[in-house]
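Look for chain A in each of the two complexes below; its partner is chain B in the first and chain C in the second.
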Partner chain A sequence: MSYYLTVMAMYILIGIIAAWGLNLQFGETGVLNFAYVMFIAAGAYTTAVFTLGHPSANGTQQYFWGTHLPFPIPWIASMAVGAVLGVLVGLVSLRRLRGDYQAMVMLVVSLIATYLVSANTGFLNGQTGLALIPAPFGSVHLSELNYRWFFVAVTAVVALLVFDVMRRITGSPLGRTMRAVRENEAAAVALGTNVVKIRLLTMAVGGAIAALAGAIEVQFIGAWSPAGWTYPETFGLFAAVLVGGRGNLGGVALGAFLVQGLFLEGTVLLPSLGNPDLVGAVQWITMGVMIMLFMWFRPRGVLPERRRRFATEARSRVPLLLVRAQRDARG
Partner chain B sequence: MNQVLSSLGFGIVTASILLPAAIGFTLQFSATNVLNIGFGSQMTLAAFIGYVCTSHGIGLWYALVLAGVFGGVTSLLLNRFLLTPFMRRGTTFFGMIVITIALSLVLEYTIEAIWGPVSVFYPLSTGGIVHVGAMSFTAEQLVIIGIGVALALATHAMLRYTRTGKAMRAVAGNAPLARASGVPAQRIVDLAWLLSGFMGGAAGVMLGISLASVSFTMGDTMLIEIIAAAVLGGVGQVYGAMLGSVVIGVLLEESAVVLSGAYAPISAFVVLVIVLLIRPTGLFAGTAKAKGVAA
Partner chain C sequence: MTPVADGVVAEVERPAAAAAAVASHRTEPLLAVEEVSVAFGGLRAVDRLSFEVDPGTIVGLIGPNGAGKSTALKIIGGEVRPTSGRVRFDGTDLVGTAPHEAARRGLVRTFQLGGEFGRLTVMENLLVAVPGMKGQSLLGALAGKRFWRASQDAEVRRARDILSGLQLRDKEDAYASDLSGGQRKLVEIARALMARPKMLLLDEPMAGVNRSLARRIEETLSSLRAEGIALLLVEHELGSVERLCERVVVMASGSKIAEGDMSEVRSRDDVLSAYLGRRR
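The block that comes next holds the complex of A and B.
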């Protein structure tokens, strides 16, 4: 049970990190990245090839290249790959297209990526996927269970760091520009914002965060295959952001906890009924219905985005001026 | 050379399946401005309805018609009771695509929940291969080509020579102006959904016949090809979609010869990327420019 708790805690934390990355793209800037799970996969595969070692050392698995580097390097490499991939995908889809059209292209990118990796065995071991991916922190000597809790703790620290970065971005002038792009593209352009640049930036940062989530996940579970990142997975995260409240970091974390943790992972505990794929199928059906219900009844989520006020200084000064003016009038 | 010619035959079959699918996708988009990502799943659902028909002893071609009608009616109902209410509520196009993808999830996994993750098979006749030069076709493939071309011609005739077609082009061009000129826009939009669903349903069964099997993820791969064809022709352009289908269909099968078969869908994707980089409005730029989808 304690073992299962570590799995649960881990999936919730990874879900929260990934949902924050998606929130930056979808919640703040309004980019519908329907290929989001591909960035998680890119991070996972990068960390896998950066830890597995040379392909000849793993006789049964085929992959195009591999090395073994110590702990933070694979994760950093993953983030770099995620960011570069984000810019590349953004350059194809974001420059001259309307928002929904961009989303359609990204969905195609996601579908084709799964297809490409599955079809090409020599690249990343095809449909079977990579396994026996070593866990990080080899020098830490703990019992199996304690090691897992240690890993959870490290992930929690990473989540806090991501939260801090997200809070700083959304609170900064950059964050305000992102929301301007989301709310009214034409107005943002009129004010001199380079909309494409802002979108590409969110693709890069969000892509890096997604890749980080994938990097952590792959080292925790030790295996990764195309079946784990089919396009519906992206909508598990979209559901998390929509349910929690797009644009509200706390809300998104709550959404990730509910959707990624309780709904997607918690149902593993349910006894299986008949058709072994039925639980999975019903989960995705419910996910689709949930997205529609939230779009209808509560499009801003359980914890809606807070209205930001920037006018504190100006407001405090106006009464003072009034007081002065009244005093002068009296005097 | 011979291989290139013989795969041209497959290319023509694939193009004939893509034709109604891409026309349906584009026709609906041009009339409503909503990108229906659920189109692939709707096709798959219709293909399974076709399977249910054949397993109850209904002939293959009647099953195709029934599946088409089923596709049309579901498409119409989905628009009336799901998408239009969201539009009326002021959901943006941005939000609508989230709705259609959610719809796609619901349909795709409902299919899996009912029929399971394995493929089902259509009863096909064996034998009877017709040779045309280096190309050879089964009888079913010839009928598929016939249906694909007939649906394309019928669309052309409807759009050019009937009042309804004229009204549909008017709504696609400028909906408020069409409404002001007395075109019953709502009815035209309903008709567009109905036709789109019918075309998609028929294409789903045609694909099932061509592949000899139907599985719940069938629509996903098809969606890539449909989108590539539609974007190449210029999204919202029915004639562009026709041209795009032929190009993508032939290209898919020819690239299967040059590369290995598993890479065929990737060539459709490469075309899509090239078009988006060089000319995102597609070959026929009219609608894409007018609706502001691509600049």
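The block that comes next holds the complex of A and C.
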């Protein structure tokens, strides 16, 4: 049971990190990135080839290039790849197209990527995927269970760092500009906002965060294949953002906990009834229904985006007495 | 007297002589639209349109529905690229520049409908417009509040002054989507002022606004002119146009058919024919 708790904890933390990245794109900036899972996969594959070593050392697996570098270099490399990929996908889909069309292009890009990686065996071992990916922290000598909890703890620290980055961005004038782009692109442009630049930035940062989630996940489970990043996975993360509350970091974390943790992973514990695929099918059907219900009845989620108020002069850090004294002095 | 923008006092009708004095200091107009045309498929929405706007003046752009006024405004604002002609603003040709460049150079437009950021508060709506505020870059944002807070606080104070001038101070925490249509128009004007514009392009600011709010908008626009800000006003409410504009440009079927002061153009047969649908 304790072993399974580490799995649940990891999936929840990874889900929260990934959902925060998607929230920056979709919740804050309004970019419908239906290719989001591709960025998680990019991070996972990057960390895999940065840890597996040279392909010749892994006779049973084929991949285009590989090396073995210590933690945290593979994770950093994954984030860099996610950011660059975000800009590239953004340049293709965000510059000349609007709204719905951007989403369609991203979905197509995601499908193309899955098929490319699946079909080309020499690139990343095709449909079989990569396995035997080494875990990080090789110098830490703990029992297997304690090691897993240690990994959970490190991931929790990473999640806190990602939260801090997201909080700084969303709470700043940059975050406000992102929300303006989400609310009314034409008005944002009319006020001098370079909307394409803002969206590319959000694709880069969100892509890096998604790739970081993938990097952590692949080293935790030790394997990665195209079956793990099909496009419905993206909608699982969208469900987390929508259920929790787009634009609210706490809400999105709650959504990821509920959807990614309890709903998607927790149901694995359910006894299989007849057809072994039944639980999985019911999961996705229920997820679709849940997204629709929230869109209809609670589109802002369980914890909606908070209203941002600005301190008045008297409520600011200037002591009230000082304000009064200044006012009296002015007569 | 009510402050509207930096050093501006509302409820002051600017004398026409002062407007002329501001204009006379410049050798070239602030905005020059030169032989601008645009066609959508076979439809020529704007056809060889030319006119000029001097600093500190209000020019009206009027005409019947479908005359091409809003398209002309979009061309000037950089939203639509003309098929021919030039738009010179403050000495620079705007045609071919990115759509957001016009605003960065001081040419800011408002919208006929739905120009607000609905789920942003009124204060946030205003702060978005501040050009080059600290914390708008990724590094600035990551640096944290200590880096950008003072700059934001100064802009919040300026925004409150502007909102007070427009009697919207008590609405600063309201979502823009929760305001009435007239209040949204005022928020748009306030937001445009936050951008420190040299010129405003106003697309029907009086449309759907009650008389009291329309009067407030008129007073605000008058005080902006007093500050030296130029305005190009697309408006169907001709009473407001007559009270505010030194000069009007009349469009019909994409072309300019008349230009002059309101009393002059309103008596012309071609204007009456196009505008009121009268036969000559």
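Rule of thumb we're sticking to: the second predicted complex is superposed on the first by the 311 of 331 C-alpha atoms of A that agree within 3 Å, B and C clash if a C-alpha of one lies under 4 Å from a C-alpha of the other, contacts with A are read in each partner's own complex, and residues count from 1 in each chain.
What we mean here is this: a residue touches a chain if its C-beta (ideal position, glycine included) is under 8 Å from a C-beta of that chain, and two chains touch if they have at least 3 such contacts.
Since this is a predicted model, take the numbers as computed values, not measurements.
When both complexes are superposed on chain A, chain B and chain C end up sitting side by side without clashing. By the document's definition of touching, of the two partners only chain C reaches A:G175; chain B does not. Note on the composite model: angle chain B-chain A-chain C, taken at the C-alpha centres, equals 80°, rounded to the nearest 10.
Taking chain A as the reference chain, the count of touched residues is higher for B when chain B and chain C are set side by side. Using the contact criterion defined above for the overlaid structures, shared-chain residue A:G99 touches chain B, although it does not reach chain C. In the superposition on chain A, contact of A:L111 is made with chain B only, not with chain C.
Within the superposed three-chain model, A:Y231 lies in touch with chain B and out of touch with chain C [touch as defined at top]. Using the contact criterion defined above for the overlaid structures, shared-chain residue A:A80 touches neither chain B nor chain C, since it reaches no partner.
In the overlay built on the shared chain, the residue A:I285 is in contact with chain B alone; chain C does not reach it. In the superposed model, A:A119 makes contact with chain B only, not with chain C. Closest C-alpha contact of chain B with chain C, superposed model: 7 Å. Residue overlap on chain A between its contacts with chain B in one complex and with chain C in the other: absent. On the side of chain A, the complex with chain C involves touching residues 165, 168-169, 171-177, 179-180, 183-184, 186-195, 201, 205, 305, 307-310, 313, 316. Of all residues in chain A, those touching chain B in their complex are 30, 32, 34, 92-93, 95-101, 103-105, 107-109, 111-112, 115-116, 119-120, 231-232, 235, 238, 242, 275, 277-278, 280-285, 287-289, 291-292, 295-296, 299. Interface residues of chain B facing chain A in the complex, by the touch rule stated above, are 35, 37, 82, 86, 89, 91, 93-99, 101-106, 108-110, 112-113, 116-117, 220-221, 223-224, 227-228, 235, 262-263, 265-266, 269, 272-273, 276-277, 280, 291-295.
By the touch rule above, chain C contacts chain A in their complex via residues 77, 79, 98-101, 103-104, 108-111, 114-121, 123-125, 127-131, 133-138, 140-145, 148, 152-153, 156-157, 172-173, 175, 191-192, 195.
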